[in-house]
Each structure stands twice: as structure tokens, then as C-alpha cells.
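Letters A, B, C and D mark the chains as written, and numbering starts fresh at 1 in each.
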Amino acid sequence: MADDLLRDEADLTERGYSRLGEDPASPLVDAAEVAGQDLEGPGLEPEQEVLTINMGPHHPATHGVLRLIVTLQGERVLDLKPVMGYLHTGIEKNCEDKSYWKVIPFVERMDYLSYFFQMEAFCGCVERLIDLEIPPRASYLRVIHMELNRIMSHLVWLGTSALDLGAISMFWYCFRERDAILDLFEMSAGQRMHTRYFQVGGVFEDIPTGFGQKLRDFCALMPDRIDQYEALLDRNEIFLRRTRDVGVVSRERLLELGVTGPLLRAAGDPWDLRKADPYLAYGDFDFSIPVGTVGDGYDRYRVRLQEMRESVRIIVQALEGLPEGPWIADDRKYVLPPRDEVATSMEALIHHFKLVTEGYRVPPGEHYYAIESPRGELGCFVLADGSAKPARVHFRDPSFVNLQAFRDMSVGGLIADLIQNLAMLDPILGGVDR
Amino acid sequence: MLQSYLPVLVFAGLGIVVGGAFALLNGVTGPRRPNPIKGQPYECGLPSHITRTFRFGVSFYMIAMLFILFDIEVVFLYPVGVLVHATKSVFVLVEILVFVVLLLVALIFVWRRGALDWK
Amino acid sequence: MEVERESLRARQPRARDLLRGDLEGKDLEQYVEERLLTTTLESALNWGRANALFPLTFGLACCAIEMMSMVTSRYDIARFGAEAFRASPRQADMIILSGRVSIKMAPVVRRVYDQMLEPKWVIAMGACSSSGGMFANYAVVQGADKFMPVDIHVPGCPPRPEALLHGFNKLQRLVRGQPDLGWRQRYNAVGTEEWARFEPGKPTAEAIERAALAVAPKHSETGARPDFAGDEDSHA
Amino acid sequence: MPDAPGLELIAQEIEEGRQGTVIETSFDHGRATLIVNPENVLHALTWLRDTPEQGYRFLSSLHAADYLPASPRFAVHYELLCRERVERIRVKALLNDPAGGETNGSSSAAEKLPQLDSCVALYPTAEFQEREAYDFFGIVFKGHPDLRRILMPEDYVGWPQRRDYPIGGEPVLFTHNEIESPRWFE
């Protein structure tokens, strides 16, 4: 009896599948009806009953309100179906009812960890629709704030993912640095999150005088803080056992599924829109793209940590080369004239009044503009019908598309690996559900 | 006679009183507002469709048995320090070593058979 | 704070009389009774509950990130005894609704709230869970108090961690049984509420509802609200 | 980006493959757009993906849009990307609304929905995005493995992101003096 208890597990899963007579891609196996079946058939002994449970919307490890219908056999995941929409806020519908400059606060609340990126995606798209060139200082400021936001987004990911894998103290260290970054945002844009700092035509306010010095201190401090995180986790036996060779998906399969960002780079493909299709001022900086080899959880972790270092390098270079000059374009049809001018010149008053009441009209046309957000390619499609309100705003959210690879990562693994895969995938449910 | 057992009694009494307080106080003083949903199993905020009792896989059973086996061994090793100190004889030490080695052999057997790695 | 300072000054002479032994009879009993922690069991329990409110991790959207940063060392809700974020409703006393509640999520939130054990409190964090916030559209429930009782509304989008801590302190005072004076009591504006114009006297829920509907303008845009079947057991 | 003449060449070669595929080509804001007949959109996509010198093997986004006043009302956009040459091309399939635009809130059983072939076989990434297009616009993708609503509740009635679907939400109290600017379709 002891002998067949210890037989090879691949054999069991293999027969487990054939016994249930369905391939994993088909609609969900319903445990009730399977359990009802007589399992005493030749294949599966009764001891492994198939169970379908909800790792539902309210779960500490789903990083938001993602619901996973998981079919389990003991600890092994047989099938997995993500169900989304529990945070669907109808943002794209609301944007169709707002004038262009009112859309920005909606758009940045989608993926609430990379709000500067979504502002840039929308403003960049509209600027290309109206062929408006933003001044160099504005594009440098945008790059600085976006890279700070990338570091902050990776910090929140590192804190919560290490929390999921049991390294609870990482949460406190990462949020300590996050608060340092949010102080910088508060200094330059006035608010910690959802700052609405970018405007079509540039940024809406120049950075205050002390900002450069504070940013330099932060950039000096950040690299050795990253060393501290790596010292904590890199050779941590539990972390290695949990992330090494877990959730590996081949590069071709990732590309087929449209996965981009750190997941794709961890699999060995150096695809980063900042290098491939440089936008804003990324062409002026030299930074490298970290690339993994195997594409397992550990590579995804190392790629993101190295990306944080690269972002610090970019910020330092951007800060050194910050050009003087206007921080917002001077085209009165689309950008508010300076306040003092409104008091004196009549045209400025007319422009001001027109922009504030009805907002600027964008000539009919449509454009798709994609940038590199911390989770992958973030694309914004704006369809303008000539009125002051966009006719359609659609965001191609990286988490929404990357979530399709989650099934390939987790089916066949254990539940603990499922939690680790979800943590390393870093989905933000605001972006997934829009 | 009673003198030597008094601390044990006091200790047991305290344990019961404090334990009982924690267990019962909540039920006695907490407000009671039952509603049909509160009784149902909590499955991440959704009604759960698990109707039948769940039969656990053999791996859980194996691990549980091995744990109990080696846990009892540790319990037996508790008085080792006192015994060796009190008797000061090598014989007791050797006897305990034999006990430990026997269980070590059992552990190695179980390990080589592969019962420890998860299925 | 003014209220406390006056009463403190008033109490000092009597304390001096007690020390000199001039207080007797009824004054003495009344004085001793006030000073003694006259704790009915309830107020002692409330004191215990207020200082150990375990919140339920209910991160919905952006406010969840600020709620998380409230737990970290800089704002540190552990100073008020609420550091242990419990994941299961059975062990939580309080639920912080941090983020927008969509119509698909509402029955889940309601179910988790029902499965929490008494006594339980609710903080609606941020504009979205308090009133639907900026998302007045088909997908978001316009305020969590449409389907569950809410004790504290914390304004902001997202509110700063300090604002949430202030809301948490207000909740602790509410739990201790001495809720802060609302602005209506402080400026004795009780009775000027919207519903009071129609039916003065005790504010029943129906009165508030009727008044709100009477005042609500008829916009052309009332969406085709889907008759929400949801799961079979979700409440009306 | 394939410039204007390049776009014309692509259009002709697709035409040779199968007549009547490309209806129109447009080139604005530096982006090439192929407007394609919905019946053989798969032909155009397969050609763009498989011919060696084109190499548009990455579908970065699939989204639908509602051009209500225009007659072919719906359009499904395929944002294709060739990673070797970092070039993007957009394929647009225009679909008219068989239901003739009567109120889509009603759940009339024989609700006629625009149909289109699903391209999940070509680009597996389209699975979720096609479900989203179906969920918000009611565009049925024939051949999709699991066409269900993805973001709205499964039993929701109506297609929310169509332009004639009201934005919903409750009227905000105490705004009766705010003059309601009529939406463009009223």
C-alpha cells in the first residue's frame, strides 16, 4: 500500500486530467458536478477530491478586488479563471462627458499607482492630436516626475509582495521611501497622489526653488536604500525557495499574450518603449534596460529593483540638464495665458474666458499614443469629434493584458506559488477594471 | 503533602480563570445581533457553494502523522537535562542517545522514501 | 477644548474643599461618585473597544494605498491601538471602505459587513465611498451609505493619512460614547436640516428619504438603472 | 511608421490577396490606418502578421469605438506593432448597427448585435480585450472561446459605453438651478 501512495505526482496530474476528460482551457470544471460523479473510476482514487473555491474580491493577497475561481486538487491548482470588474468605475464613459482639461483627474485615477504615466499618456495623445510642441523644460520635468512615480510604484509593489511572501518588515521600509517621494510630489504639485501636475502643453506650475536640492538628496540616498532591500531579500532562503523557477512562461507565449513591461523583460526580451520608441526627453539620457534570463519570480523581482536604480540615474541626469525657460507651451488657443497678462491685455482675457468656460476644441481625428508605465505598455486612444469633449478615451492598461498570462503561470503549480505569481505580476485593479 | 502541590493548584486555577474569562466574557458582554448571512461560511465575500464535507488528500495525513511522531519524541526529551544532572551517570546519557539514534534512523528512512516532499 | 477648561476651573474650588474636609453629605457623595471611575460595565467595555479597534483590510482603490501608508511608521495608527489589520471579517471590529464601491462590488461589501461580528463600525474613506465622488455614472454606487450604515465619512480624494487618523480618533470618541459635537449642535443649528423643513421632529429614515426625493430635480439623464439581481441572497 | 506610399503598397498587396478587403487608407498624425471590410478582417490581419517583410506580430491593443452620428456606427480598432522596426499600424473594421439604433437599454430577445470574426486564434492577447468590447458595445466576436461580460455584472442589461446609453448616476441634490447643457444627441 505504501508503494503506490508515493508514486510520481506528474503521473497523478496527468491521469487527473484525462480522467476528468477536459483540457484546462475549456470553461470551468464545476466541482459540485464533478464531485457528484463517481470518482472511483480506474484513474483517480477518491482521496483527491476536486474543489472549486473563490479567491474572491475580498482577499488579502489579491492586491485589490480581483476574484480568482480556482479549481484545486489538494494543494495543486487545476484550473484558474480570473473574474474582474469589481472595481469598474466607468471612467472611460465619464471622460466622454467632460471637456479635455477636466478629463485629466479622471484619467489619473485609473491605475492609481502610476498616475503621472496616465496623465502623460492622455496629454501626449491630445498634444499629438493638436500638434502642440511642449517646451524642453516641461518634458524634462515630466520625465523627472514619471521616473519618481516609477520608483514609488515599484516600492509599493516590493512592500506588498514581500508582505505576501512573509517578509513583513519590507513593507515598512518601502513605505518609508515612498513617503519621501510623496513629499517631493507635494512640494512640486501640491498633493501626494493624483496631483494633476501635467497639463496639455507642459506642466501647470514650475518646481519651487528648494525642489532641486531635495531631489538631489533623495537621489543620493535612494541607491543605498535599494542595497538594503537587496541585502534583506536577495539571498533570503525562503524568498529564493518561493520565487526561484516558479511561474515561468516562455517569451513567445508572453509575446503572444501581449505581455509587456517587467514581466517580458524578466523573460529576456529587452523591450522598453523608453528605448525602443523614445518619447519626451528620454532620448537625451543614457540608462540601461535590466533584463532577466529565466523569467521566473526571482527574475521579475531583480528586474524591478534594477529598474529603480536606473530611474534614479535618469532623474540625476535630468536634474543636471534641466533647461531654463517656459514650463508650459505658449499657444493661447490651448493653454491658459499667465494671470498678470489677463488683467492687462484684452486678447488674454478672451482666451482665458474661452478656455475656462468651454475648453479648447480639438480638430476631428484619432490617435493612439503608448508609453512605458511601471507595469508595461500604457496606451491612450483618444477619438476627437471636433467638440470640446473627447468622443472616446480608451486606455490600453498593461495590468489588464498581463493578467492573461497569470493562468499560464499558475495552472499546475501549488496555491502558494499562485500567491507568489500574483504578487510578482503586480496587477493594479484600478487599471484592470478602469 | 499539600504544601508541595499548592503552586501547581494556584497555577492551574489561574489558568482556568483567565482562560475562562477570555472565552466567556466575549459571549456574555458582546451585543448579539444574529442575521442569516452571519452564519454562512465566509468565502472572500461571495456565497460559497461548497456543499459536501471536503476529503483531504493523503499528503496532509502523511505530514500530520510524521509531525505527531517526532513531536512526541521531543516531549520525551524534555526531562533529559534534569535526569542527567540528577543521576550523573553515563548510563542514562547513553540510553537517551540510543533513543535519539533510533528515531533518527526512522527519520532517514521516511526521508529517503520521499514521504516528506509534498505531492 | 473650551468646554473642558471651564469645567476644570469650576471643579478646582470643590477639590480644595474636599481636601480641607469641608465637603460633607450630598456634595461629598456626588463628588466622590464623579471622581471614582464610575464605570458601568458598558463604558469600561467601550473604553477597551475604543483602544483596540481592529480594522478589516478592505482596500478597494486609491484610498487603499493611503490607508496602507497610515499603518506605516510615519503616521502609525498603532499609536491608537489599530495596527492589526485583520483579513477575515470574523476578527475585525471596524471596516474602512477605502475606495469607490462599484455596483458589482456592493453586494460583496454588504455581505462582508453582515459577516462581521458585533459591535462593528464603518469608516467611509474618501469622496468615492462617501458619495460616489467624481464618478457620477452607471458603474459606481453613489455613496456606501446607500446600502450599509456608515459611522464616519472622511473627506478627500485620497484623504491624507492624517485626515484618516483624525477620522479614526473621531470614531474612537464615538465608540467611547462621547461623540464630538456635530457642527449643528455646536452652533445650535439643529432643526435647520433639509428634512426638518418638511416634518419637524424626530428624523426618521423615511422622512429623510421623502425630503431628499422632494428636493431632487428631474434631470433628463437618470440612467437606465439595471434591476440589480446580483447574487440570490443580496439585500434589496 | 509606414509612410503614406508604403501604406498604399500594403493596401494593394492585401487587395491582391482577397478583393474588397481594404475600403480606405488614411494617414494622419504620423500614423497609418487601414480601414477594412469587417467580413475579411482576419485576412488582412493574417497577411500583416505573417508576411516576412511586414512582421506585425504584436497586437498591442484591440478596442471598439462608437461613432454614433456616422452611418457605419461601430469600429473595432486593432493597434498592430512590428517590434523589429518599431512601427505601428492601425486596422479599423467598421460595423453598422443592425439593431437600427432603437433604445439598446431594452433587452429585446432578438437583439441584433454587430458581428465580427474573433482574432483570438491569431493574437491570443485579444481574448480579454474582445470580451471588453463585447461587454461595453455589444459587438459579438464569432469564434471567441468564452464570450461573456468581463467588467460589468454578468446579468447587466444594456451596453454601457454606447454613445446613446445615458451616463447614469443619480442627479446631484440642490443643483436645480444648474442649467443642464443638452447632450449633443438630444
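The rule is simple: a contact is a pair of C-beta atoms (placed from the backbone, for glycine too) under 8 Å apart; a residue touches a chain by one contact, two chains touch by 3 or more.
A quick note: this is a predicted structure, and the numbers were derived from the prediction, not measured.
If you compare C-D with B-C, the chain pair joined by more contacting C-beta pairs is C-D.
Centre-to-centre separation of chain C and chain D, using mean CA positions: 46 Å.
Rounded to a whole number, the gap between the C-alpha centres of chain B and chain C is 42 angstrom. Averaging C-alpha coordinates per chain places the centre of chain A 44 Å away from that of chain B. One finds 24 Å separating the Cα centroids of chain A and chain D. Residue positions 56-59, 85, 88, 90, 93-94, 433 of chain A are each in touch with at least two other chains. Those residues of chain B in touch with two or more other chains are numbered 45-46. Annotation for chain C: residues 104, 108, 112, 135-140 touch two or more other chains.
Touching chain pairs in this entry, ordered by label, are A-B, A-C, A-D, B-C, C-D. Put simply, chain C touches chain B in their complex at residues 41, 45, 88-90, 108-109, 111-112, 114-115, 117-119, 231-233. Those residues of chain A whose C-beta lies close enough to touch chain D in the complex are 25, 27, 84-85, 88, 90, 92-94, 96-97, 128-129, 131, 255-260, 271, 276-277, 365-368, 370, 377, 379, 381, 383, 385, 387, 391-392, 394, 396, 400-401, 403-404, 433-434. On the side of chain C, the complex with chain A involves touching residues 57-62, 64-66, 68-69, 72-74, 87, 99-100, 102, 104-105, 108, 112, 134-140, 157-158, 160. In the complex of the two chains, the chain C residues touching chain D come out as 103-104, 132, 135-140, 142, 212, 215-230.
Interface residues of chain A facing chain C in the complex, by the touch rule stated above, are 56-60, 64-65, 85-91, 93-94, 105-106, 109, 112-113, 156, 160, 171-172, 175-176, 178-179, 192-194, 429-430, 433.
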